[in-house]
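Just so it is clear, A, B, C, D and E label the chains in written order, and each chain counts residues from 1 on its own.
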Amino acid sequence: MVEFSLWDIVSNLLLAARWTLVLSLIAFVGGGLVGLALLVVRTTPNRSLQQAVALYVQLFQGTPLLMQLFLAYFGMAMLGVETSAWTAAAVALTLYSSAFLTEIWHGCVKSIGKGQWEAAQSLALNFGEQLRYVIFPQAARIAVAPTVGFLVQVVKGTALASVIGFVELTKAGTMITNATFKPFVVYSCVAVLYFLICYPISLYARSLEGKFHVQR
Amino acid sequence: ETALDNIQKAKLIKIAIPTDFPPYGFVGIDLKPQGLDIDMANYIATKMGVKVELMPVTSANRIAYLQTKKADLVISTLGKNPEREKVIDFTSAYSPFFQAIYGAKTLSVKSMNDLAGKTVAVTRGAIEDQELTKVAPAGAELKRFEDNNATVSAYVSGQTQLLATGASVAGVMMQKNPQLNAEYKLLLKDSPNFIGVGKGEDALRTKVNAIIAEAKKSGDIDKMAQKWLGRPAGQLPE
Amino acid sequence: MSNADSSTAAVAITGLRKSYGSNEVLKGIDLQVQPGEVIAIIGKSGSGKSTLLRCINGLETFQHGSLTVQGQPLVYDDPAAMRTLRQQVGMIFQSFNLFPHLTVGKNIQLAPGLVKRLAATETEATARRLLARVGLAEKFDAFPDQLSGGQQQRVAIARALAMSPGILLCDEITSALDPELVGEVLAVVESLAQEGMTLLMVTHEMNFARKVSDRVIFMHQGRVHEQGAPDALFSNPQTPELRQFLASIH
Amino acid sequence: MAIELDFVAVLTEWPLLLKGVAWTIGLTAVSAVLGVLLGIGCAWVRTQGPRWSRPGVAAYVELIRNTPFIVQLFFIFFGLPALGVRLSPEWSSVIAMVINLGAYSAEIVRAGIQTTPAGQIEAAMSLALSRMQTFVHVVLPPALQRVWPALVSQIIIVMLGSAVCGQISTEELSFAANLIQSRNFRAFEAFIVATAIYLLLSIATRATLNWFGQRFLFGGRRG
Amino acid sequence: MSNADSSTAAVAITGLRKSYGSNEVLKGIDLQVQPGEVIAIIGKSGSGKSTLLRCINGLETFQHGSLTVQGQPLVYDDPAAMRTLRQQVGMIFQSFNLFPHLTVGKNIQLAPGLVKRLAATETEATARRLLARVGLAEKFDAFPDQLSGGQQQRVAIARALAMSPGILLCDEITSALDPELVGEVLAVVESLAQEGMTLLMVTHEMNFARKVSDRVIFMHQGRVHEQGAPDALFSNPQTPELRQFLASIH
């Protein structure tokens, strides 16, 4: 059997942390794009489309990410769609983050006064232009802080990708625990690494929040 | 199209292997899987003349990999039983394996009945879980964990009094944790390992069976057992 | 439905009825506005003044009657037609509604650039000219929140004018302003009236209405209750409702 | 590839599922009550507690909010025994959930407290209420009312997060689903059923908590 | 520091100085208030009127001087002593500060129940009596946001009275009210004055001050600049500052 030094543990975890970062990036970019599309749909005056998006949000916020990952990985294969772990993780994490991001951004859009919409309308801008030039730029300013804050949730969410075979930070931790029989040390290291990734993001989000409040 | 056709066309075979089950499958300092099952996977791929893609799985999800064709073969300390044969097919056995119950020397466990009132860590969905569920007395408390990592960790960290797992895993565990003073208590089941193939993939099964038969004859199977288990494979069922 | 002189009228409204749910807010409005006419709309709170203005540029949909603007009937379902309509009808709001993330200049340039697809140099020239006209030439690069309320409202007027609308709707554009700032905004509106802009304005400034408008419309409970030349209407109201309304104001 | 879904095979195991649902609800209920109380306590410390205790609470809140729940759970269950603290899977799950919810609700409640108008506190003080009475009777109820929707969402997130507690053998809903699928290999059916139950649970939880808040926390009427 | 008649005075203030940072807001206040006296405090915005009131019931700490209330000096560091003090000094604020989550009745009952540990039946009886007295008997179960401003302010008065304070401080309690609601609040205050309550009120209602108060204090730049009987003070101001102040008001 092999012996792990503390450095072996840490360096392996660091290597695995790369995947945590890559997964987070995928989730965030995918979730952002889909979330934006859903946001547009949700802002249109069409009732049934709005409700469809609300249902989507309800569905993916109302079920565990763990289950979503599992169903994306094995369930899609059941339906005959060949999925790699990467595809499944990307799909599940995208669905999950897009639901949350749409919700966050929708709140920001709603906080823009009705007067702004009406002013844009009465200047003959069409719906797309109203969103693009008047509403979204203003909503974006409020949205930056909570969006960055949500990034922390995404990073932590990737821990669950271990159930579909991803050797990211958490899974690496479990595997090393099994080889070393030192759970306390290993999970402490895992926790510290997550903290090192997430805390700066949290701080940044908070400082953005502060800046925004000063501006107003 | 059969799985075998696909393998030969792609020149690639996808094999599910364990990473939580020393010495059959575990990780080294480079986090690369190694062990008897990994060697077996590589051996089969070589004999078939194709490349191999190893997919780490857990006891709980390895069948799903086969069912959804994410893996062509499962070489993951897979024991055979009638329930499993309903959903997947098995080749002949390739390595010996027996599951047992382990616990501290100070704990008196002479028969299955002594399990009453004790906590046992076991991996959810593994052969030992099914076996234990059948034979354990009513008062025994089975704690079922997601994968073998968690099961062993639970026992080592003292969360349970007893551990039900493969003999080899337990051997490594006891060697690494002399302070636990653990010993072999009861045999659960002697269940050699088989290779799982998808239901109805007879071409592939025949092909793998041929490779195993060949390896038994040539002594390669015994060599692998010697390398990882410290003894020859012995008589294995077809 | 169309009507004899509605093709020459700037705005022609016939039998317009509008409800919010079961609450009928406009109960049959008939109104013809000639090009260059300046109309002041007065009336109690809740009488439907804002709703009427908002119907004219299509911010609200109505259920019955017809409304044509410069000869074109309103078609809500046709975004292109609505867009054409709104290019002809500018609107200024009580709460200014400037875009806070854009500079004053960009506020004014936005719509001409997007809707009329004019070049940036051209829209900038227009913006500077209009800002000068409302007395804010030096505020081109300021942001709205750096301006006083009166200045913001003047920017809003410039922004509406940048689309060169034939008709301008003003909804109580001075009531959110501190009293000392009202004058500067009214001065701009007065100059527009003198230049022949078709104006419909809801206002509580009776003196201003008297001085500037060609016709005063008194609305009461969703109807045009009384109308006429300002001097006649203010000095000799015909209905008890208008008398009471004027009394409550003075 | 056509695999026939057989939900009957899963639903016949309903006693297991029922037990799982019961555990999930139980874990959530206990940790919601204790977690929110812990959060209120921490929010109190961070806004008006003794100064020396504030950094400790801040560290706790940040540590929990910036590490995954599953790692916290593993740490408590597998890690703490190395320090001689041995907790059953169920206790470990409850404690992990309470600690997790406590940190989040501390931030949420604090936000609510900080938007309390100064006049409210001055009015209470000039009525001779003590600081504690002011907090409990004047500051807290409206603050909770303001942040109740956020708090409810967080409780639901924690409930859904409890799905990973099955990995340390707590027999909650996802454990039940896993156990069923490891017996009959009906993985998709089991997970689809579990997912549907989770969805129902979150909808029901939100409705219940909204009603509860309205009825018992905010003076029995809409804000 | 204590002073000859501070033991009999309701409030005795000597040499009180208070700064916010480096900004000295109260620059040495001397003031004796006798039991039953009604004092009106007037002065420009920023002259320190609110700050003075807030010092008297300990909402603000001051740096120099002494302040005794019914013979007891203020001790900030002793929460128990502060609570005892505040039971004797009620305060009513410009913005009412009713507790929005409690009914009117509960607003009034809260402090007596918690601080004086009176039984619920007793506090309820008191609450109903006081509500009747301010003319709001039927509002016992209403919530604050269901009341008009004038009604809310009367509830605030009832809430302060429920602690049976010896002294009542009122800080511009009518300035957040619509003009037509001012009268009902002033009527209540007047009745309190007539019943012999010791009152210190900051007010901009000069007529009311003249009618109700025994003494008027004019504050200017953190000092008591002039004081005296209302008639004398208003009709014959001694200092140019007061003259200017009175001129700016009328």
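Quick note on the criterion: a residue touches a chain if its C-beta (ideal position, glycine included) is under 8 Å from a C-beta of that chain, and two chains touch if they have at least 3 such contacts.
Because the structure is a prediction, the values reported are computed rather than measured.
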Going by the touch criterion stated earlier, list every chain that contacts chain C and also contacts chain E. none
Per the C-alpha means, the centres of chain B and chain D lie apart by a whole-Å value of 37
For the pair chain A and chain D, the C-alpha centroid-to-centroid distance in angstrom is 20
Which whole number of Å gives the spacing of the CA centres of chain B and chain C? 81
How big is the gap, in whole Å, between where the Cα atoms of chain C centre and where those of chain D centre? 53
Of all residues in chain B, which are in touch with two or more distinct other chains? 61, 64, 67, 69, 150, 153, 157
Where chain D touches two or more other chains at once, the residues are 1, 3, 78-79, 81-82, 187
Every chain pair meeting the contact rule: A-B, A-C, A-D, B-D, D-E
Which residues of chain D touch chain A once you look at their complex with the stated criterion? 1-3, 5, 62-63, 65-72, 74-75, 78-83, 156, 160-161, 163-164, 174, 187-188, 191-192, 194-195, 198-199, 202-203
Residue positions on chain D within touch of chain E in the complex are 117, 119-120, 122-131, 133, 137-138, 141-142, 145, 218-219, 221, 223
Could you list, by residue number, the parts of chain D that touch chain B in their complex? 1, 3, 77-79, 81-82, 86, 88-89, 166-169, 175, 178-179, 181-185, 187
Touching residues of chain B toward chain A in the complex: what are they? 19-20, 22-23, 26-31, 55-57, 61, 64, 67-70, 147-150, 152-153, 156-157, 172-173, 175-177
Residue numbers of chain B touching chain D in their complex, please. 59-61, 63-64, 67, 69, 83-84, 87, 121, 124-125, 129-130, 143-146, 150, 153-154, 157-159
